[in-house]
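Here it is, the structure in full.
By letter and in written order, the chains are A, B and C; residue numbering begins at 1 in each of them.
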Amino acid sequence: MKKIALSKLNDFFAAIAAEEKLYLPVDGEKGTDYKLWSEGVTYSRALNTNRSAKDFFFPQTENIVDFKREGKTIEVIDTRTEAEDFVVFGVRACDARSFGILDKVFLADPVDSFYASRRAHGTIVTMACTRPAETCFCGAFGIDMTAPEGDISCWIAEDALWLSANTEKGEALLNKVASLTEEGDTAAVDAQKAAVKEIAKKLPLQNLPTDAFKGDVLLEKFNSAKWPELSKACLGCGTCTFVCPTCQCYDVFDFDTGHGVKRARCWDSCMYSDFTKMAHGNSRNSQVERFRQRFMHKLVYFPMNNGGEFGCVGCGRCLSKCPINMNIVKVMKSLGGDAE
Amino acid sequence: MQELMKNRAIELLSAGEVDRVVGWKKGEFAYDCTPAIFTDANDLRDNFVYDDFTAPNLSKYLVAECKKGGKMAVFLKPCDTYSFNQLQKEHRIKRELIHVIGIECNGKADVDKIKARGVDGITGITSEGANFVVETIYGNETMPKYEVMAERCLTCKSKKHMVYDELIGETGDVNPDCGRFDMVAKLEAMTPDERFAFWRGELSRCIRCNACRNVCPACTCEQCVFDNPNSGIQQKVAVTSFEENMFHIIRAYHVAGRCTDCGECSRVCPQSIPLHLLNRKFIKDMNELYGEYQAGEDTTSRAPLTNYNMDDCEPSIVHERGGKA
Amino acid sequence: MQVNNEFRPTIVAFCCNWCSYAGADLAGTNRATYPADVKIIRVPCSCRVNPMFILRAFQRGADGVILCGCHPGDCHYTSGNYYARRRMTMLFSMLDYLGIERERTRVEWVSAAEGAKFAATMNEFVETVTKLGENKRLEDLRCKN
């Protein structure tokens, strides 16, 4: 394991930023968000960012192709560009797991070339949690907040930053900053891991049971009588889906510029009235159905298609952001009771 | 307070005077609640909650509930009664189906403000006089309530119920000196460049989740213009800064003269954009140019934008009065 | 060919059918001149102009938007321009509040007999907007390239 004294953290960031773009969580007036590092920017050790790290690979909107009209000719312009190398520092364990879930969607055949390009050029440096909150339920999905995945895993323990590369990409990045790092033993990190695990035991949702959603439960959950009651207060806004690190639905639309068309895609939300609207109309006409779609997707459909892996990472953003506090934890607790 | 409300609701329900009660349901943590429609006395007994965190304005739920028919009771805080009146004025709810129980409110707490103090891992919150004792897995913290009170409650315009059939607790007074326009005035005093920078900073954070629109008691259109694909406006994206500006200008404009300043938009915004400052600008302008008007004060008056005077000011007043050039 | 790189603004003028559009007509018949940068859109009444029209004009490349209607009291539909007056006051005030240059928007009452006023107003407005330069704060880049 490598280590860097915290006093040299700025040099570490500068060394990375000299090579490629570096993004990290920065405190703002209204919470923490990822920002581009430049001299003078301070790394925030806040538990998590307002928006998830999926923005780096799957941005909220992106242009996919342009059509330009001149006289009677239409020119088709491929707007794709190869992404530049970049590093995202300070990703938490929950968000780090979300990339694996998004990969299963976007890197499966047919590969999404926009996403693939960003994934190939992005290096993820994760940071272990030391002060989890009551809204954290990553443990329910088998995520260890003290040992995050990613190309490089980091810990801040005592007065040093500890780094451990997990992939070739991670090794390559560590080699670039080799002059700043020194070898260290794992004692401090191990002590921290043990301490945080003790804290995690006190959190109310870390051991949220997921068994009720395993196995052949599709029809049982789909037909549950509890959906109308659960969704009654739902406003039908897209907050939960837009702050979610694993929500991956998108819509494609054309914008008429007056002299051509710009085709773009943007995040879609199953909470919206025009979600999956087709020529024949809409397949889900009530908020109950739309609400059910979101949770069925995360807890039943996605695991069924992906070897039992749930489509939720327990980051807790939807718990704290939902205007009416209806969330996946309440749904799981309520529907979990069905099996008993 | 909570017990009084609960008992009264159960009483109404058991007596068959109403067949449902619109209230708040206890949540997962000490600070969250979900609006709920109770039809069962036992459910009420176990899950009904009214405390320092029951902030959601329940009046909008009545629009959907009224379509179902049947009598219902609803709990309304003073600010919610303004929304109620406004909905009645617009014929969105049926007054005769609703039994309004006005409830006393001394301001609601904003859990984000508690968390912004670095308090994590909250396992319980108890109210002790003017303080909150927040229990967390990292230890207890005591803090004065007013320091973590929601922004909208710090500038509460009225503790007086505009409408009720019965009252639990006290009804208070209208407070014209609440200072709710102070921030608007501060912005007006800035230069256009400063104002532009301020609003770009705020609006560029918008993720177009539409929570502000969906929670708004004034936004009750059957189909919103932003949901109509034929309008040529995107519903769920803001590709350019223009669209961010446009959505918020148009939304504020659509509720101008109808907005009661309940503050739900700013409460629900996941990106903490001070949306109420847009609505308050309209309210302030209308007060200054067309005479004092408070939406939701009554159910009959005409709103400023559906009314006129022969001697109204000309639009050029915008060029002439206040604010730096 | 001579290329003129000087900035010419795009001005959208919403004119009511009954007064201002006729006023513009009169300006033409009288050979009164005003810049060709002004694009007139005829509307049944100044009250027809939805705030969204104004924003949309800016999105599509306008540098200035002016609304012309009958003088207050002379509306063909009795009261349309009274409503328009309040509406535009509110909208312009909001745009100003967001830091968008207030000189880019304007309302002027022009009757069918005021051809000269129409031309003078347009000359003045084009001049004002030319000084302000391109509309940057309410632009939609997608429409520009």
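Basically, a residue touches a chain if its C-beta (ideal position, glycine included) is under 8 Å from a C-beta of that chain, and two chains touch if they have at least 3 such contacts.
None of these values were measured; they are calculated from a predicted model.
Two chain pairs, A-C and B-C, are compared here, and B-C has more C-beta pairs in contact (counted per touch definition above).
Averaging Cα coordinates per chain and for the whole protein, the chain whose average falls nearest the overall one is B. Centre-to-centre, using mean CA coordinates, chain A is 31 Å away from chain B. Chain A and chain C have CA centres that are 47 Å apart.
Mean C-alpha position of chain B lies 37 Å from that of chain C. Each of the following residues of chain C touches two or more other chains: 142.
In chain B, the positions touching at least two other chains are 239. Of all residues in chain A, those that touch two or more other chains are 255.
Put simply, chain A touches chain C in their complex at residues 255, 257-258, 262.
Listing the residues of chain B that touch chain C in their complex gives 187-188, 192-200, 225, 239-240, 242-243, 245-246, 249-250, 252-253, 256, 278, 281-282, 285-286, 289-290, 304-310, 312-319, 323, 325.
On the side of chain C, the complex with chain B involves touching residues 51-52, 55, 58-59, 72-73, 79, 82-83, 85-103, 105-107, 137-142. Chain A makes touch with chain B in their complex at residues 30-31, 47, 50-51, 60-61, 131-135, 199, 202-205, 232-233, 235-239, 241-243, 251, 253, 255-256, 264, 266-269, 272-274, 277, 319-321, 323-327, 329-330.
Within the complex formed with chain A, the chain B residues making contact are 27-29, 32-37, 56, 61, 112, 115, 120-123, 136-138, 205, 207-211, 213-215, 227, 229, 232, 234-239, 267-268, 270-272.
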